[in-house]
Amino acid sequence: MKEVTVLYFASYREQAGVMAEKINITSDNTNLGELIKHICTIHPKIVAEPDKIVAAINEEYQEHNHVLKNGDTVALIPPVSGGSHDY
Amino acid sequence: MPSKKYRVRITEDKLNPSDATHFASSERHGAAVVFHGVTRDHTNSRKVILLEYEAYVPMAKKKLEEIAKEMCSNWDILVAIDHRLGKVDIGEESLVVAVGSPHRQSAFEAASYSVDRIKQTVPIWKKEHFEGGEVWIGDADGFRPLEHKSG
Amino acid sequence: MPSKKYRVRITEDKLNPSDATHFASSERHGAAVVFHGVTRDHTNSRKVILLEYEAYVPMAKKKLEEIAKEMCSNWDILVAIDHRLGKVDIGEESLVVAVGSPHRQSAFEAASYSVDRIKQTVPIWKKEHFEGGEVWIGDADGFRPLEHKSG
Amino acid sequence: MKEVTVLYFASYREQAGVMAEKINITSDNTNLGELIKHICTIHPKIVAEPDKIVAAINEEYQEHNHVLKNGDTVALIPPVSGGSHDY
């Protein structure tokens, strides 16, 4: 069994109502996409399609097919700020 | 010549553009271009009271360093990037990028490039407080974290 | 909103980039780009000790104002242009252009354009003092006073 | 007869050894180019082809075929500084 730490930021943090939590993974080959789907089940208030949620593993952006390792830190990254809105 | 060609800071303090410019300056340089990203008083027609920035700090710092390093490998420049977190009043800087170069063209190019890249990949978010509410501002179109991914 | 969209200064005093940036800033603006033209310690391989600037002051001021005015009619911006005269030590600014804008693209474009235009038309000359001599620096190729002439 | 004021700057000032002087023009239709040729005769140390010297009349750049008026201020403008040399 593996355990990963999940971090929530900005809108996801407010919607999930949590900044960080540990999540256990039972299957050996669980990938990032599967974890995100699971997270969206636990935190149904997160307003985003699981397929489109961007995440980083150990401070590096990863594709959804990336397989998780025990001890990974997974961060859910909402679209970053600024964009055309500010400058 | 400074020992390192770039410097990155994430801070809750007011930004100091002169200090960033000083870092990016050298006696070899004829040009410096300094970008100031400033809190505006409106988004479209909505009146903004203040902005609040949140970051995934260690990753944001890493990403800013990657951008600065990439800039220094593409152009013969010195770079200072400062991003502010927390509450930022109207008219105050949230981002300062200073680029010093022997010639102006590379300074303009590199500074402009850096702002685009910062918006595409650095995990920093902005919450707009306006009259009657607040909202997280994200730019789903501008956010392209995996596009330039190396490795 | 300031009453005038641009400000031009020619002075023997040290330039103050913060003051220029302040002029070009507005609560409507999200971006400011500030160009610093700085005295270098060398031209090609020659070691420069100091630079000395001379101007045809009333005409230089008029030309800088024409450039600032043209910038304000081409982009939604505020502009401050400061040029220094007299002796300028290595590492000090001879030119500062600050451009404030709602969006960064126009600020970068306008700032870059202004420096090109200043070099093409404004009657300001530079004398390089190096070890063993001095020379007036002119750029016959860059000097294009009549190209954009109106009237 | 017309009189114009001629201003010299930078390298031209040093080469001519004068900052400003009055010059009388006898012909009615003397243009800027003719005045410049005359100036180069008076000040042979000016290092520039008369045809290529740029000048302003009353603080505005003018072509060499521009006809001078009484009281005009003519400034001889060496190539301006900066260029690719500095920034």
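Should a chain be cited, it is by its letter among A, B, C and D, assigned in written order, with residues numbered from 1 in that chain.
Here is the rule we go by: a residue touches a chain if its C-beta (ideal position, glycine included) is under 8 Å from a C-beta of that chain, and two chains touch if they have at least 3 such contacts.
If you're wondering where the values come from, they're calculated on a predicted model, not measured in any experiment.
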Centre-to-centre distance between chain C and chain B (centres being mean Cα positions), rounded to whole Å: 24
Between the Cα centroids of chain A and chain D the separation in whole angstrom comes to 72
Residue ranges of chain D touching at least 2 other chains are 84, 86-87
By the touch definition above, chain B meets two or more other chains at residues 30-31, 37-40, 102, 104, 115
Please categorise the chain-chain contact pattern as a line, ring, star, complete graph or other. other
Judged by the touch rule stated earlier, which pairs of chains are there in contact? A-B, A-C, B-C, B-D, C-D
Residue positions on chain B within touch of chain D in the complex are 30-31, 102-104
Touching chain D in the complex, chain C uses residues 37-40, 43, 53-54, 56, 58-59, 62, 94-95, 115, 118-127, 136-143, 145-146, 149
Provide the residue numbers of chain A that touch chain C in the complex, in ascending order. 84, 86-87
Complex interface listing, chain C residues touching chain B: 17-18, 21, 25, 27-42, 90-91, 102, 104-105, 107-108, 111-112, 115
In the complex with chain B, residue positions of chain A that touch it: 7, 9-11, 14, 54, 56, 59-61, 63, 75, 77-87
